[in-house]
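Look at the two complexes coming up: chain A is in both, with chain B in one and chain C in the other.
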Partner chain A sequence: MQQLHHLLEVDNLSTSFFTYAGEVRAVSGVSFYIDEGEALGIVGESGCGKSVTVQSVMRLIPSPPGKIVSGQIRFLGQDLVKLPEKQMTTIRGKSMGMIFQDPMTSLNPVLTIGRQMTEVLQRHEGLGKQEAMDRAEKYLEMVGIPNCKRRLKQYPHEFSGGMRQRVMIAMALLCNPKLLIADEPTTALDVTIQAQILELMKDLKQKINTSIILITHDLGVVAGLCSRIIVMYGGKIVESGTVQDIYKSPQHPYTWGLLKSVPRLDALSRTKLVPIHGTPPDLLKPPVGCGFTARCAHAMKICAEQPPGITEINPGHQVACWLLHPDAPKSTFDEKGRVG
Partner chain B sequence: MARYLFGRIVSALLVVWLVVTLTFFLMHAIPGGPFSSEKILPPAIMENINQRYHLNDPLANQYLDYLKNIAHFNFGPTFRYEGRTVNDLFREGLPKTIALGLVATVLALVGGTMMGIIAALKQNKAPDYIATFLATIGVSVPSFVLATFLQYFVGFKTHWFPPIGWGEAKNLVLPALALSAYPIAQITRLTRSSMLDVLNQDYIRTAKSKGLPGYIIVLRHALRNALIPVVTFMGPFFAYILTGNFVVEYVFNIPGIGQFFVTSIGNRDYPVIMGTTILFATLLVTFNLLVDIAYTVVDPRIKLTGRKGA
Partner chain C sequence: MKNEVILEVENLVKHFPLEEGIFSRHHKKVHAVNGISFQLHQGETLGLVGESGCGKSTAGRTIIRLYEPTSGIVKYQGKNILSYNAKEMLAVRRDIQMIFQDPYASLNPRMTVGDIIGEALDIHHLARGQKRTDRIYELLETVGLNPEHANRFPHEFSGGQRQRIGIARSLSVNPKLIICDEPISALDVSIQAQIVNMLEELQEKLGLTYLFIAHDLSMVKHISHRIAVMYLGRIVELTDSFTLYEKPLHPYTQALLSAIPIPDPDIEAARQRQVLKGNVPSPIDPPSGCYFRTRCPKAQEVCALSTPELIEQGNNHWVACHCI
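Presenting the complex of A and B:
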């Protein structure tokens, strides 16, 4: 159910990188929202603009060369795009926290875990050293790190990858942010550790009322945690809907491709992975029509000529594809992964 | 840690002993002696002098005597400074040399890191170009040229600072500048490039995502990491300060150890040459040990076992 005011509402966001080669349109015209207590998944191949989208929300785009070219990012009644950097620093870490893909490099190697955690609390909540340490300890415990007191005095290199990602999660949650953004939090980890971290995030979602944006390039990862999914391709949203929409009645050929490349969890029906062949569009010279044309088995003449409009299949399930035009031939996707 | 330190101190003593031995025999292998440059002395007097300073004893005996003396921190008499011992010269010169070295070191460390940080933060803008330009000059102009230049233009011509001598704080300005120009330049370059590298690291993005203000990100998160490569330069840096000091003291006529050393070589004043060499070798070895300890302070991943932590 849509609420009157979403926690975060991104409207027509475009972010580009102005390089020597020209303007790289990393994100163009992306709109989505997330409500309080909700978890939203963003999926898509690597390079499709997932990180740039959420880094725009956090205003962490390296500038130069990056710049938010247009759009609005409404969060807690403010447009973050227009917010001065100084005010932005009072939102980051406090109202929204972020965890990153590589836990091995995301923590400062020369500062203790305790220092890196308490500085957040000292900055945003003005806590004294001891209070901050106590809170940090409590949060480390919450994310399942044993011996927290001793661990606080240790340096990142004394932690394993999975443990570091737990530290990152605890650190991002310290000020009880309204929104937690997790940018591929499990991609760099072993499969077993991945499962543990996802389990932890599910668990935390029950306990604390934080909204979560989970980014992944693996559709299999989102299902357990998120209620809605956004599929991105070539810097645009190609399909969005509830988990049911996306898994049971996907409409976009790119989503079909993604679903076919997901390993089935039940080992019996383990079918061969089918990676989507071809390469994503060059964002320096984005194609005029649909960005998927060159790789799409269903491409029509119009696909290369005009960008597809957005069709709403049912409330909340939106697709940008010419196949949904009333005049287009019928193509569907069945559950066994065949395209008919 | 204690074991490591013990090992390092033993090897440091070994190095100093090697330096003593090498200098001793090399010096005696060169033809001529401390008193051979003067107008010819009557053989009887010459004999007397040699007798007095044991210059006729077998070399091995002289060497052993010398080792025994320096073990008791007695560096022997000087040949050229009437009635004074090498220890006297040390007592007189060392404070000046240390003062100059210290000021130059602070200037190099503070000035170099600050210029490096500013250059990195203002990459490809005016401050960066200025810092890079100054650093290029500092690296390429030899210290004796710079010393003479400063002495002439800033000393004699403008009278801003005394061009020569010792005694007041302002006497230190030009020599310290001349001595620190090269290390300032090197440290600026090192800090700039490692700072640029560090600012692109993931953990800096994490620090930003925590809403920390810019100065904390730079000072707490970036600088300490950026200084790790700078610490690598500290060994050569101290060696440079020690040797550069010879030239600078000489040019600015500062009666420090460096000047004694330079004069003593011309004079063949064996005990002074030996004494200063040992002093410098000891200082250098000590500094290198301190640098290794400094590593563990800036980088917790390094443990003093000589191995890098996982």
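Presenting the complex of A and C:
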């Protein structure tokens, strides 16, 4: 069965943390893919399983207590779930790059930036010292760090937050990975610096054709960079589709909620925000039916009893909600008014 | 809306001395707030926005003398409160309340919610016994919590609920003005709207005045009648929220607006983003003249030589820039 393969294909992934209080079902039954040269956004509020999903892909789940309970992660023809740690280390170094919210956690504070960058290149690409230095300098320049030669001799604390994030991006890209995973790369940054980083990522995507997974809780951040979006809630994917699907004709009540609870800068008048009532579910005791039931204005009897299946509205636009069942009452998202 | 002025800040300055070596000659200091002036009208919300470290919190705290100002005047109901003694300040502190970004750090973990709310009632001798209990229950209901929550401890609540507790505490003394320092920044987006709507309803019901500090300009625009944009401890532009968005005059405001992503792929694709270079300079050694000149695309020679004053460009639109 040789088909054209996706670069990464995650199939029915479930990851749990086995804590003394019980099993935290951080991610349950998540499936998605990303193609070469594509940018995919994963959005959702804190605790909905975004980070655990990509940490599973990179096999960076702290274990114990964490464990990939089931599922497949196909990347470049291999199932990463079954791969020995040694091969995984190579994949992480060469084929996947990752950027975190807080760059300080992934930079070594006692080594110069140059040393950290060249070590990666010497280990994974077998470059000599001078070659490695040259490549490091080239990448720092590419991410817009001035005076690269001098900067290579400096330590992480001598960089500002935005510059550290640039350094992280440069490091993640050093070995020309196929896939760049950015977990809330701009959440800790000011908006003018966020704009710099987002422009940089857009630019790089065009220049070097890396695939990007961008995680964020801010629907604005992914609108300009990504072509497809996944919306997560309570450890599951509740809706996925193209940016047009998600922003112009969203179908899941949680997606409606996300879009309506934040004010838009370009709003022409002051309309009341529509909050989502209540709080996200406790993944230690995940609800039996749809995870959104307790907060959903459209919930029906069946929602609390059985998890909704996935409905494909048009090719690539998938929604997990009982409202799409032919017998359900009709509810719609109206761009100007309220959820009705 | 032109109600009476409730608070007036004139040329407020707050510098923090830096710890320094014993042989250093120059006394370095952090220029956190560098001469800001504005008025707050009864019943309005004035938003104070700017990037991290630009002095928003320091301004808020200095206004109610949690920090002693370096210089300037703060008039509450027409009187300069900077000359007040401790007893006089107590009355001001009852009228002007503050709510904070981190609802957890600002609630005593060892006190029950009831006692946290009741504490302010005790300090100001407002209610005792059954009346105190009734008032606590009433306040909990006002902020959307249950009376039975009174006996629980802060750690048993979510972030949004803790922020509600903080708001109930500040409402307990019937304040007139509330300084909200990033009250929703630590909350999830879906919870932010709950708190913002509640603040709006309370304002309507109780006639409250807000100084709303935040870095999220979309949210500030939503909640505020007027907005003051800060950069390195100075106000660079001050006008009503729609004018600020429609007709920003200061180059920094323009860049700030341009940097904010809009959740609409078509708009984002069509947008010509103006990206500022570099970082905010250190408040220890701010540039001469206009503080924004190191990043300003319109900077001229004059910008390094003299500090632009905040000048009215008509219709209550104030801007501090040499080149408009």
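Here, the second predicted complex is superposed on the first by the 322 of 340 C-alpha atoms of A that agree within 3 Å, B and C clash if a C-alpha of one lies under 4 Å from a C-alpha of the other, contacts with A are read in each partner's own complex, and residues count from 1 in each chain.
Rule of thumb we're sticking to: a contact is a pair of C-beta atoms (placed from the backbone, for glycine too) under 8 Å apart; a residue touches a chain by one contact, two chains touch by 3 or more.
As the structure is a prediction and not an experimental result, all values here were calculated from the model.
**Student:** Using the superposition on chain A, tell me whether chain B and chain C clash or fit.
**Tutor:** With chain A aligned, chain B clears chain C, so fit.
**Student:** Touch check for A:Gln194: first (chain B), second (chain C), both, or neither?
**Tutor:** It touches chain C, and chain B stays clear.
**Student:** Between chain B and chain C, whom does A:His157 touch in the aligned arrangement: first, second, both, or neither?
**Tutor:** first
**Student:** Kindly classify A:His124 by the partners it touches after superposition: chain B alone (first), chain C alone (second), both, or neither?
**Tutor:** It touches chain B, and chain C stays clear.
**Student:** After the superposition on A, what does A:Gln244 contact: first (chain B), second (chain C), both or neither?
**Tutor:** second
**Student:** Contact-wise, after the overlay, does A:Gly224 reach chain B, chain C, both or neither (first, second, both, neither)?
**Tutor:** second
**Student:** Looking at chain A, does chain C or chain B touch more of its residues?
**Tutor:** Chain A has more residues touched by C than by the other partner.
**Student:** On the combined arrangement from the superposition, state the nearest Cα-Cα distance between chain B and chain C in Å.
**Tutor:** Superposed on chain A, the two chains' closest C-alpha atoms are separated by 7 Å.
**Student:** In their shared complex, at which residues does chain C touch chain A?
**Tutor:** That would be residues 51-52, 158, 160, 188-194, 196-197, 200, 215, 217-219, 221-222, 245, 255-265, 267-269, 271, 273, 275-277, 279-280 of chain C.
**Student:** Provide the residue numbers of chain A that touch chain B in the complex, in ascending order.
**Tutor:** 58, 60, 88-94, 97-98, 100, 102, 105-112, 119-120, 123-124, 155, 157, 168, 171-172
**Student:** Can you check the complex and tell me which residues of chain B touch chain A?
**Tutor:** 201-203, 205-213, 216, 220-221, 224-225, 228, 298-301, 309-310
**Student:** Taking the touch rule as given, give the residues of chain A at its contact with chain C in the complex, in rising order.
**Tutor:** 45-46, 160, 162-163, 190-196, 198-199, 217-221, 223-224, 243-244, 247-248, 257-259, 261-267, 270, 272-277, 279-280, 295
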